[in-house]
Amino acid sequence: MDIRPRDTDSTWRRRAYSVIFESDTPAGRVFDIAVLVAIVLSVVAVMLESVQRINQQYGALLRAVEWFFTGLFLLEYIARLVVVRRPLTYAFSLLGIIDFMAIVPTLATLMLAGSRYLLVIRTLRLLRVFRIFKLGRFVGEGEFIVTALKASRFKILVFLTAVLTLVTVVGTLLYVVEGGRNGFTSIPKSIYWAVVTVTTVGYGDISPVTVLGQTLASILMILGYAIIAVPTGIVSAQMAGPRATAVPTYKQVICHVCQATDHRPEAEFCWHCGEKL
Amino acid sequence: MDIRPRDTDSTWRRRAYSVIFESDTPAGRVFDIAVLVAIVLSVVAVMLESVQRINQQYGALLRAVEWFFTGLFLLEYIARLVVVRRPLTYAFSLLGIIDFMAIVPTLATLMLAGSRYLLVIRTLRLLRVFRIFKLGRFVGEGEFIVTALKASRFKILVFLTAVLTLVTVVGTLLYVVEGGRNGFTSIPKSIYWAVVTVTTVGYGDISPVTVLGQTLASILMILGYAIIAVPTGIVSAQMAGPRATAVPTYKQVICHVCQATDHRPEAEFCWHCGEKL
Amino acid sequence: MDIRPRDTDSTWRRRAYSVIFESDTPAGRVFDIAVLVAIVLSVVAVMLESVQRINQQYGALLRAVEWFFTGLFLLEYIARLVVVRRPLTYAFSLLGIIDFMAIVPTLATLMLAGSRYLLVIRTLRLLRVFRIFKLGRFVGEGEFIVTALKASRFKILVFLTAVLTLVTVVGTLLYVVEGGRNGFTSIPKSIYWAVVTVTTVGYGDISPVTVLGQTLASILMILGYAIIAVPTGIVSAQMAGPRATAVPTYKQVICHVCQATDHRPEAEFCWHCGEKL
Amino acid sequence: MDIRPRDTDSTWRRRAYSVIFESDTPAGRVFDIAVLVAIVLSVVAVMLESVQRINQQYGALLRAVEWFFTGLFLLEYIARLVVVRRPLTYAFSLLGIIDFMAIVPTLATLMLAGSRYLLVIRTLRLLRVFRIFKLGRFVGEGEFIVTALKASRFKILVFLTAVLTLVTVVGTLLYVVEGGRNGFTSIPKSIYWAVVTVTTVGYGDISPVTVLGQTLASILMILGYAIIAVPTGIVSAQMAGPRATAVPTYKQVICHVCQATDHRPEAEFCWHCGEKL
């Protein structure tokens, strides 16, 4: 549902909406970037607070910063609610919920001590950075990636299902082969190991010790090493695709009789009506 | 050999076959998805049972679930045998054997205690998920991937042989260089290390300590890092290929006046002399 | 600003400039390669000195080598300053600063003992190796890579921002899930772990232990495994693109009789009317 | 130099040559595969002997097998020398030296006990497997990969030089940052760590502990994660390339005057001599 103010709304409201929600005016761009900077700063403050040594020394300051930004975000949230035509639609939209969740945890600490950890939700507001991408150059590029991924989504789903099946089967096998020892203490843990291996992450917190286990693991690794080619190939082909389609250039001429375009570069006559071009 | 019932068979049999073995009717689709859900649930039960803490608390329940699903799969297996025209052909087909193996381990525990671990074979039934992919959208996508991989199978085989030779040679070298210490206790183990390294998994359970060993390992890593480009390139080129080849399609027609070719697919008149094609 | 000597400058100066700064004369090429060899040798000397066992035995020799090369680089630096038209422009250019920084640390040790470690800056001079690439065959290839990367820079930036956001969100989640234990002692450290995981490096110095943590980590790994396809696809498509466009190069000539274009590069006669081009 | 027997040589010699050195006759193919099987078996014997437990039990048997194969390879080597026209040319060719080195170590153990470890050189004979690839289907595929890699060799060289410079600079930085502790005991060791990291292997035997070190490592990882796209893109583009190059098809006509080919599809006159086609 459309949350934009109606054309019949007061000027200041439409003005405020375009500043707060849109980014195609200078003021709107400044507002968006200011919000983004505030998000980054508040996230950095939360991060630093989690470091014990820094917390002991600058804890009070960081908590003050936290309250300052919470206040700021609260004001921003209220402004957003006031300005839109349908406050509830915004409030229950994904971005609306994230905006709300970014404020709640700090307020909640007044009643419940441990709830401050929920502040991590605020990092989700970082996702707003992608809205800024709507500015200028980034539109096309971001859309290009998203389009390529969307076009490949079924292929990627098939690929992921194949990987998950592989990981389940091999993980279970390793559980049996290693006999529940050497870290392979249960099937889910063994599947976790298989994921760590097939994705070539390889922590080494769990690794096979028996000869058969190491042999199976080697096969899994080489498989994982080779099948990375599949998603890469899918996305490469997808991304190379549109451009390839654009290659066959046509004569920049429109037939003056039938308006047909896309004539071959060397065409002297219209392919549609036979008229001299 | 064809296991489908003949046209002269009774209606209920052909009906049942289409429900149990095919997925192009609504009933067949429901059956397939029900079987898949049952497989996933039974696999999850087997997994949970392997977790000691859960086993101690809910062991009895999980074993009951296991017997329930085994009964279900037994019924399904019998139904499949009854419905097909050639029961033996089905029973000895790959899917038939997997279906059978999914039932046996639970029954076998009545006689032999340890055999329950063979239940892991049931995870192989998960492969049936790919049959579901035959439904709707996924056909083309799955086939696209399989076709690209099939077309590349010789290239991939050559690549894998090269990797295996590399891994054997470097693994043996490292065994000599590290002098059988630091985990490189035998040539097979050293080859295992080489596989872990060249695939960039890198557990770290075995890693070179001598200067020469680390130098050789570095070379192997950079090689492994670079040659991942080969399978990726093969599959990318394969996947991008058909589309690229298909792009400039022309009408398979030669102008009977000027012999010009390469007309646009929709052309009705020659682009060169304007004659009606 | 142009630092080349003017045409009115003395011959020896223009000569020296072409030897020291350019590489298209035999003398210039010899000079460049000599400088490169000196850089490699001096870097190797610094490296060997950092190995305690070698330092104890050959420390004096290595320090002598260091002073020798520092002298050489000092002479080279002075020569460069003398020869160019605008010494300050060169001195404050990137290469000029690097050239200067390669000399300073050794001289600084006369006053300050610890400053010798700054010698590592000398490794930056290795970047000069890319200047040598300007010779012959490498020009096109190096430029090809740089061009492809430049053309993809916005796409890569969008991709990197997405990865950084993902890493921040997942890292913070894991910090909360693992409860600050098992190495996840602070949010920045957890983000470091997320980077190690998503890039499939996987040291294993920090790895999740709780079931929820391992589940989230598995998802992150599979994501990291799949999204490597994105930059690869971007660069592949970019690299495959220009070549495809550039392939059909034609002679930049229009037939003065029939105005036909697109002649083969070696064409001497018009393909359309047979007139001499 | 040509080592094939002359046409004037005795028939048995030319026969034997074609069996031993070539693979286009049935007998030659059987011989090649027999040699390959013998190589694999002898390599497996060497491998098994390196496993202590197996060595203690079957050591005598394995050493007998080793002597048996050494005898076989000796006979084969002599046969090769006898059959070729220029024995010295063969003996000093790469394959000739490898063939010789596969025999020597076992014989050398009669005089020098430790030399048996040199048997690992025999694994190099495995490279002969690529000769078998000359048979049938594999020719084109193997050549396709080699051609693509050869065509990309300059680009790959530029890429490798960039990676090596990056690794040297970052490795040295980490040595300074971590202050020679936490495994970063010398610059070469730190460079080894940088290679392990940039290639996403990540053993974890050395990993940064300081905040600055972990930050730099994170940057290196993301760089390594992103630049894998470069070699992949190069090879993908190269492999997709030939197909692209094949696109601009030429007229299947040879000028009857100057024999020029590669005329444009629409050409009516020779591009080389202007003659009517």
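As written, the chain order gives the labels A, B, C and D, with residue 1 at the start of each chain.
One rule holds in what follows: a residue touches a chain if its C-beta (ideal position, glycine included) is under 8 Å from a C-beta of that chain, and two chains touch if they have at least 3 such contacts.
Note that the structure is a prediction, hence the values are computed from the model and not measured.
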Matching chain pair for A-B (criterion: over half of the contact pairs shared, by residue number), options A-D, A-C or B-C: A-C
Taking each chain's C-alpha mean as its centre, the one farthest from chain B: C
Contact-richer chain pair [C-D vs B-D]: C-D
Chain A and chain D, separation of their C-alpha mean positions in angstrom: 41
Interchain centroid distance [CA atoms averaged], chain B/chain D, Å: 29
Junction residues of chain D - those touching two or more other chains: 159, 188, 191, 200-204, 228, 232, 234, 236, 240, 244, 247, 266
Contact footprint of chain B on chain D as seen in their complex: 43, 46-48, 50-52, 117, 120, 123-124, 126-127, 129-130, 133, 137-138, 141-142, 144-145, 148-149, 156, 159-160, 163, 188-189, 191-192, 195-196, 198-205, 228, 231-232, 234-236, 238-240, 243-244, 247, 265-266
In the complex with chain A, residue positions of chain D that touch it: 200-204, 232, 236, 240, 266
Touching residues on chain B, where the partner in the complex is chain D: 154-155, 157-159, 161-162, 165, 168-169, 172-173, 175-176, 180, 185-188, 191, 197, 200-204, 207, 211, 214-215, 217-218, 221-222, 224-226, 228-230, 232-234, 236-237, 240-241, 244-245, 248, 260-262, 272
